[in-house]
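The two complexes that follow have subunit A in common; it is paired with subunit B in the first and with subunit C in the second.
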Partner chain A sequence: MSMQFVADGLVAGATIGLGAVGVTLTYSILRFANFAHGEFISWGCYLTLVIAGAIGAWVGPSIAPLGALSIGPNVLAAGLLAMALTGLLAIGLDALLFRRLRRHGSSITAVIASFGAALALRAALEAIFSSRPVYLSQDLQIAIRVGGLRITPDQLALLGVAVLLVGALQLLLSRSNAGRSMRAVSENPALARIVGIDVAAVIRLTWFIGGALACASGVMLGLVVQIRPTMGAELLLPLFAAAILGGIGSVPGALLGGLIVGLAEAAAVQAIGAEWRAAVAFMILIAVLLLRPAGLFGRTD
Partner chain B sequence: MSEPASGLRILNLHAGYELGSPIVRGVSIEAKRGEIVAILGPNGAGKSTLVKAIAGTVPIESGEVRLDGEDFTTRPVHRMVAGGLALVPQTDNVFTTLSVADNLRIAAHGLSTAQRRARFTAIFELFPDLARQRGLAAGRLSGGQRQMLAVARALVVVPKALLLDEPSAGLSPKVVAELFAKLLEIRATGVCIVLVEQNVRAALTIADRLYVLVEGRNRLEGPSHDLLADPEIAALYLGGVRGSVRAAHP
Partner chain C sequence: MHDLSGLIAYGSVFLSLALINGIVCLGLNLQWGQTGLFNVGIAGFVGIGAYTSALLTSAPVDGRFGGFGWPIALGLIAAMFTSGAVSALVGAATLRLRADYLAIATFGVAVSVQLVLRNAERVTGGNFGVSFIPRPFASLAARPALFGTLNLVLVAGVVGVLYVALDRLMRSPWGRVLRAVREDERAAAALGKSAARFRLQAFTIGGALMGLAGALEAHLIGFIAPDNFESTLTFQIWTMLIIGGSGNNLGALLGALLVATIWSVTGLATGALFPPEDQARAAALRIVAIGVLLAATIVLRPRGLLGERLGVSRHLTGTTKP
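So, the complex of A and B:
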């Protein structure tokens, strides 16, 4: 079996990992599985597309790609702006929906509500952009060879960006006041209030980070596959598999889980056929839940 | 209220988890700066609910909480600490997954780096054990050390009032004595300390004044030594508490 799946799997895995970080943060701090997280990925990608288009229209059609990459600086700038906007979208959804439910409902209410929110967010994308696929870049990239594997400059850059983002987040969580507060709220929200932490602000920060990283994941996905309103929803199962495999609450775990799920999917596609891709995430999810429910880095309390 | 308002003052407080069925039903207490006040009473008297309501974690229906004259009644929980009112809960009172140092740092937001360093120096002087274990996850501390850490954390933003909910619960007499010795040192800095205790003997060793609650209301109050000197009360509160109190006050 050729090792080419490693290159494809790592890129897909980084995409899954970035999304899974948001899932794991929301789950550990708000105690519910947010099934609308996939929609942040789609929204992030479409926002990037629109903003990049707007910058293109404003500056003119002659935006050269960055170095060996297929995308120009307009996409990069659009991606950064879209990350902030998707973060705000996540905060907005919380204010509109989940915050109200936290006051009265149980976490299962929030889970069901997140299903509804997912449908609404997806339907909105379909209404605005239709289901016709669109592209961030239509350049054909020449793959370069790295240790026997063919990988495009885009893919290499995406891997680097994912590792950089997760590394920065991990640093924030372990070293900064905001990060300590997030860990404290995740462990014991009642005590967090008593020691003077503004739990509402920590929750907003959590949504913002989750939304922003989902957007980054969406841009990565949009560079590899067609952009469609269902692109994020289709990634939902791998996201949860990765978050649970990594151990709920663990940011590096979510990235590692994502890479493992991505590699496993790519290996399955190469070895037994593309129709088995979706089943792989499912099998990993079930295996982890049966054998090691706390995941790779999870707490066992 | 014409007298100078220094310390903690609770006026006719009604509070409970569910609206309309208060557990605390008209309690008034006072704790001056530099004074240790113990709240005693049988199980279900509303002692813990009282301190939680003062700290803002249990809804107040009516009444007033004032600290140094300032109204704290409707202040949100997370702003109590900054205002100088700190609660040490009875259980789950440290973040077990955070290190000892991070447990303290987390209470230090709002302080400048210099202020924080100065506070930590003072705290580690008072709790040398914690200084040695600052890198350890708080979940690996013993029960007594966790209680010390919880108290230490409450001291990070110098409190005006320190509320402790059953600090001696589950601790050995030796550790209780150590902890209470620390409370005496803290009292000497002018903090007012309100202590909820089941362990009457231990409470009597450090409290300046006592309040006895029964069924969510004030039943008795006075300086510790006065109440101790009363043979009937001493017998009631150093012996089987619940039945005797009901019998004595039908």
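So, the complex of A and C:
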């Protein structure tokens, strides 16, 4: 078996990992599985596309790609802006929907609400952009060889960005006051409120981080595959598999889980065929639920 | 006269399909409404039932599994069995864990079922699905009004039997344990009722009902394809149950009829209002509208149109007010 799947799997795995971080944070702090998280990925990617197009329209067609990468500075700037906007989108959805459900005390129906929101968000993308695939970059990249593996400069850069983002988030969670507040709310919301933590602000921050990382994941995905309204929804099962495999609440666990799921998928694509890719995440999910429901770094409760 | 015949045929197929969705809602009501179990993979369980019965009852096709020519009734029973069995397996793996894990696992079932339906061409016919599925009263198919009406009577009869059976089941000691487990698992356990066992039973029976509905649909239409079992179906069923009133079987059926009507009317409206090239986008707008309707109901009227009717036992005539 050729080892090429390692390169493809790592890039796909980093994409899944960035999305899974958001899933694991909302799950541990807001205590429900958010089925709309995949739509943040799609929305992030489409927002980047629109903003990059707008910058291109203002500046003119003379935007050169950055170094060896296929994208120009307009896509990079658009991606950063879209991350902020996707974070705000997540906060907005919470204010419209989930916050009201929390007030009713029925967090259990939040799962169904998120499922409905997911279809509405996806269908809205379809209504605006139609289901015709679009692309962030039309350039064809020549792969470079790294230790016997073929990998494009884009893919290398994406891997670096993913590790950087997750590392920064881990620092934020473990070292900053905001991170300590987040962990406190995750442990016990009532107790956190008693010691004076602004729980509403922590929840907003959680949604913002989750949305922003989902957008980053969407841009990574958009550079590798076609951009379509269903792109995020198709990633949802791998996201859940990665978050549960890593252990709910663990940010490094989510990234590691994502890398494992991505590598397993790439290996299966090489060994069996691309059409069965989506079954891999399901197998991993069931195996984890049966053998180690707490995941790699999760707490048993 | 010809117009009337067409209207009767259209109306009876519409009502039959709405009632079949009603059966799925009854299954979901047993799982979610009575027992509090998430199922986000409804379309998968419906699809398993539809394909089971279709493959067992149709005539053999070269290069494809199945085609055993079984009678329709046996196909329906087999559909309940396979969907129930898959439900039992998924339930056994996840019901002892956190509630959301069941939702995620059922979602995985739906994704995997789609994958098998589309890719295992030698078994499921791939994207083209299965056609020439035997239909009840097929010898009368040349007279659409009579054919449609007889099929509607058949489906309505099944719904009637299920409604009465479920109503009795809910008022039986078994139904009381389900609600006790949903409301307070520890109190139920203290009375010696194993929550895990009762949950698994409810989840399995609910799944079997979904399989039965899928099989009925396959035999009513005579043709099935993977597109019929996409997550849009799961979403419609949830909307039906939540709007109708979860916990209430009559509400489940009412919600099914109401949402099917809204779906059908908005479909006719977008068909008339939008040019052909914008039809796909207009269809997406319908889904947005239904999604907003679902979310608004959950937030503004969580009990739905008909809330749960709290009954204790069939031996007590009066029902207690919530």
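Keep this in mind: the second predicted complex is superposed on the first by the 299 of 301 C-alpha atoms of A that agree within 3 Å, B and C clash if a C-alpha of one lies under 4 Å from a C-alpha of the other, contacts with A are read in each partner's own complex, and residues count from 1 in each chain.
The rule is short, and it goes like this: a contact is a pair of C-beta atoms (placed from the backbone, for glycine too) under 8 Å apart; a residue touches a chain by one contact, two chains touch by 3 or more.
Nothing here was measured: the structure is a model prediction, and the numbers come from that model.
**Q** Please determine whether it is subunit B or subunit C that touches the greater number of subunit A residues.
**A** Counting contacted residues of subunit A, the larger count belongs to C.
**Q** Once the structures are superposed on A, label A:Ser130 by its partner contacts, choosing first (subunit B), second (subunit C), both or neither.
**A** After superposition on chain A, A:Ser130 lies in contact with subunit C alone.
**Q** Determine, under the contact definition given at the top, whether A:Arg102 touches first (subunit B), second (subunit C), both, or neither.
**A** Neither partner.
**Q** Can A:Arg292 be said to touch subunit B (first), subunit C (second), both, or neither?
**A** Neither partner.
**Q** Touching A:Leu191, do we find subunit B (first), subunit C (second), both, or neither?
**A** The answer is first: A:Leu191 touches subunit B but not subunit C.
**Q** Touching A:Arg150 in the superposition: subunit B (first), subunit C (second), both, neither?
**A** A:Arg150 sits against neither subunit B nor subunit C.
**Q** Taking the stated contact definition, name every residue in subunit A that is touched by subunit B in one complex and by subunit C in the other, in rising order.
**A** none
**Q** Can you check the complex and tell me which residues of subunit A touch subunit B?
**A** These residues of subunit A touch subunit B: 177, 180-181, 183-184, 187-188, 190-191, 193-199, 299, 301.
**Q** Any idea which subunit B residues touch subunit A in the complex?
**A** Listed in rising order, the residues of subunit B that touch subunit A are 55, 57, 77-82, 87, 89, 92-98, 102, 105-107, 109-110, 153, 157.
**Q** Which bits of subunit C are touching subunit A when the two form their complex?
**A** Its residues touching subunit A are 36, 38, 40, 93-94, 97, 99-101, 103-105, 107-109, 111-112, 115, 118-119, 231-232, 234-235, 238-239, 242, 280-282, 284-288, 290-292, 294-295, 298-299, 302.
**Q** Under the touch definition given earlier, write down the residues of subunit A that touch subunit C in their complex.
**A** Against subunit C, the touching part of subunit A is residues 27, 32-33, 35, 96-97, 100-101, 104, 106, 108-109, 111-113, 115-117, 119-120, 122-124, 126-127, 130-131, 233, 236-237, 240-241, 244, 275-276, 278-279, 281-282, 285-286, 289-290, 293.
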